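As written, the chain order gives the labels A, B, C and D, with residue 1 at the start of each chain.
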Amino acid sequence: MKIGFIGLGHMGGPMAKNLVAAGHELKVFDLVPAAVQSLVDAGATAVVTAAEAASEVEVLISMLPASQHVEGLYLGDTGLLGAIDASTLVIDSSTIAPESARKVAAAAAERGITMIDAPVSGGTAGAAAGTLTFIVGGSSEALERARPVLEKMGKNIFHAGDSGAGQVAKICNNMLLAVLMAGSAEAIQLGVANGLDPKVLSDIMQKSSGRNWALELYNPYPGVMESVPSSNGYQGGFGVDLMAKDLGLAMEAALQTRSSTPMGALARSLYALHSGQGKGALDFSSIQQLFSDL
Amino acid sequence: MKIGFIGLGHMGGPMAKNLVAAGHELKVFDLVPAAVQSLVDAGATAVVTAAEAASEVEVLISMLPASQHVEGLYLGDTGLLGAIDASTLVIDSSTIAPESARKVAAAAAERGITMIDAPVSGGTAGAAAGTLTFIVGGSSEALERARPVLEKMGKNIFHAGDSGAGQVAKICNNMLLAVLMAGSAEAIQLGVANGLDPKVLSDIMQKSSGRNWALELYNPYPGVMESVPSSNGYQGGFGVDLMAKDLGLAMEAALQTRSSTPMGALARSLYALHSGQGKGALDFSSIQQLFSDL
Amino acid sequence: MKIGFIGLGHMGGPMAKNLVAAGHELKVFDLVPAAVQSLVDAGATAVVTAAEAASEVEVLISMLPASQHVEGLYLGDTGLLGAIDASTLVIDSSTIAPESARKVAAAAAERGITMIDAPVSGGTAGAAAGTLTFIVGGSSEALERARPVLEKMGKNIFHAGDSGAGQVAKICNNMLLAVLMAGSAEAIQLGVANGLDPKVLSDIMQKSSGRNWALELYNPYPGVMESVPSSNGYQGGFGVDLMAKDLGLAMEAALQTRSSTPMGALARSLYALHSGQGKGALDFSSIQQLFSDL
Amino acid sequence: MKIGFIGLGHMGGPMAKNLVAAGHELKVFDLVPAAVQSLVDAGATAVVTAAEAASEVEVLISMLPASQHVEGLYLGDTGLLGAIDASTLVIDSSTIAPESARKVAAAAAERGITMIDAPVSGGTAGAAAGTLTFIVGGSSEALERARPVLEKMGKNIFHAGDSGAGQVAKICNNMLLAVLMAGSAEAIQLGVANGLDPKVLSDIMQKSSGRNWALELYNPYPGVMESVPSSNGYQGGFGVDLMAKDLGLAMEAALQTRSSTPMGALARSLYALHSGQGKGALDFSSIQQLFSDL
């Protein structure tokens, strides 16, 4: 299949490589020459404009940092939508505001172009291993057209609803994740301060009603689990600033719908505080440091 | 085995019945005649003082509402410890302050009596079904002595550490549970307000990093799961006021150790607010009502 | 002075009347005929387009609900800036996002038009009495040109800084106000629950380090002060939904600057929760109802 | 007047000196010899037991760190109440749990001894200058008996209600103070992050509805005010750990009355977090450091 891929960063790069490895013919574009070269080395073809990547392909995938980049890429007089054939399926895997996703998909639809939002979870490790989770907003038909491509980059594909719903679901999930992580961190520390062993307490809670993803796979207390960031100086993983960004998107979604999200809003402030203390590049489980003297 | 059982309320009653059903010989005591009669009907022997229940038994079990009741029962000049033989194993399954549990266990130890704290989770349904979880504080030897009895009332038995550790672990778990529940409730509502179906969103989060006990077994949004309180008008289950009590114990443990628990403290205030609005007797998943117009 | 006035709602209407009463010659515009008629009755001249209100005046004042209205009015191909003479001073008194205020002021500056943001505090009572506080963003020269007009509508005029700074200062103030109000409400209730008289406690705190605007002028507990909304069923005053809107602007400003605002974010969630319970139209001091059974 | 004074620490020491300076005859007791010597140098008489300080005096004043010290001093078989004449007025100026204050006062009343709780605000500076605020719980008659003595140590005397009410009012006030301080700190930082000058913004809010004690007398942002801790490296003043202690008392009072105090509970967690980061000895306005890179 002929695929255009725009945005070859920490996530987009390994995702694109998995498509090349699966035998697809890729035209790739990024502003950073080294990122492009890495894909060329893997077998992709470099193009020099985004429009070239978008033309004469069956599928176009974009993976960009934020709403303004996605809107800037596709919309406006010089936007990419004018250069995309109506037969091309557009997949935006960026994590952006649902409102932006809906706006771009609506503009695409006006030109007869089918577009889905398909943000991912699973981090850079999942991107490299091809085990990402895709949370898709758009029609069922569009999702089915995308499925063969998505399956080369991920192992779980969820259909959240119409355009923008993929973004909403990802935002809700990540807000809840931040709450789980901060809540688990302070619960473990409360136990430690009261004389418990963090591993024993984590095990008990994981087998009880405190069970959650953080305790199961990503314990924030150093030494409880091997091979997680907390046991490696909070290096790697999903950064504090990325979590703060996603919590910001959640807060925007809450503001627009006048929703009350006290736990999520507190989690955002704690992550912003933590980032402000110079911890933005650490893994997000390092929120444990706010509660424990580590 | 000869067992004394003090406290035959919503939890203690069915727990004691399971011991009778397992063939143990029970002497039971409670201030409420009907509660005693119910056990007598099941095959237990009624006694008229707590001291009688505590004498000439291999195991004495107590299940009382709060710290002051447990301290009042065992301690002081007229306390039960004076009436208990050193060969009797004492199991307190009440959920109380760790400090109280340690104080009573230490007083017992001074008289050569072995005592463990073994608070439970699993609610009245688990008490009736004999599927409670026991979280034990005390020595390993004491736990092994207790195990045959506990296994008649529950299916999971955890050893949290020394005296009081059972209480600490339960308190930490329930604080985390409150955070999970409130966080899940507001995440689902944020999705619903942004156009998502609560069941679809819950499924996605449950299979992603937002996964937790509440989404898995006890979804707070009406209609997502069958046979949970949220689909039954928030009746039954684990009451708001009971959760508020456990959060109060968590806050006391945090105060005594100067621990910072922002998420847990917020959860407590939300549960106190919800209770203050007349919802104290509803199941604790009804915290969803604070966020959704249900 | 010849003045154009656009937006004659609950705030804009009485503000415009004070200008008429001060002898200024007003051209007024609003989408609601009754609002226009009320000003005509007071002596103003009705015009049928915003552009007419903006042309051939020394000062143009706008008072609109939100960012999108202000951007919609002034910007774009059909925006008002194209119809305003460079000699006209533009005063926008709407409470909007600082970013929007800066964008519009910059677009005005490109056409040689001087514009200030001058959001107000003081509510509808202050608007009617001519005792509003104006918080101005823009150059000192522009503020001095505006002063004679502003002084007819308000009694305090502050210079916060450059374009947008008026909005920032208002947003920060109102976020703090929400924190003060919620904090005062829960402190009073904590005292009441512990046996204190709300009036005695309020007096003590007002004379101590708990002193703040809410206790001084706007006590949220019914019966402590006469002539405030709390003693009148929380009618009138500054509505819960308006406070929620301002808190939303504060959160946006926090998101854009990655600022940690835990107290303000919690206040927003409490106000959103309160509004969601059907209290959006009550005065914002009704947050007391979340804590007290009133 | 013959006065016994027990507890000559940072607060008690200067308070006792003011009584000596006013011509009263003091018998003083403290566990720290240097503290006693300092009072002897000032003209007081040292005694070697608390009971001596309490006997044959018209007024007995105690100023101790926490509830357990006050209960330990007065209650029990060897407690001081047994050594105090019924004609002696007892004034406890310690800041302790209302419950403890009520318990001790009730025990005193059983022996016919009149006792008031009279916690203070104003810090060590107020103690030295004799400008403390006393918040009194007890009968009006008892307060009038105490007034001549209190007036030598403070300038404001409030009557909060019956026994324990002084403690409740102080606790409520200090909880509100923590909320004001944290709220002011984050509001100022939000403005600074959005380009405002902290002094200009503080002035505007102080003259608007954000007005509060912190902005008026104790601005937390360095350089805005002279002669406050924030402009002196957050040295001196009222320590973070002391504020955390008072917030702990507020939380206990909230737990006992099932009160919802979301803002106060969050403030406590922020102060506990700040203390946990090694800032316990700084002035409590240093909470600004959580939000600003100072």
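Throughout what follows, contacts are C-beta pairs under 8 Å (C-beta built on N, C-alpha and C of every residue); 3 or more make two chains touch, one makes a residue touch a chain.
Computed from a prediction, not measured in an experiment: that's the story for all the values here.
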Subunit D and subunit A - chains in contact with each: B, C
Most remote chain, CA-based centroid, reference being subunit C: B
Subunit A-subunit C separation of Cα centroids, rounded to whole Å: 38
Inter-centroid spacing, subunit C versus subunit B (mean Cα positions, whole Å): 50
Where subunit D touches two or more other chains, by residue: 254, 258-262, 266, 270, 273, 276, 290-291
Subunit B-touching residues of subunit A, taken from the complex the two chains share: 98, 121, 133, 135, 156, 158-162, 164-165, 168-169, 171-177, 179-180, 182-184, 186-191, 193-197, 200-201, 203-205, 207-213, 216, 218, 250, 253-254, 256-264, 266-267, 270, 290-291
Of subunit D, residues touching subunit B in the complex: 244, 248, 251-252, 254-255, 258-262, 265-266, 268-270, 272-273, 275-276
In the complex, subunit A residues that touch subunit D: 262, 266, 273, 276, 290-291, 293
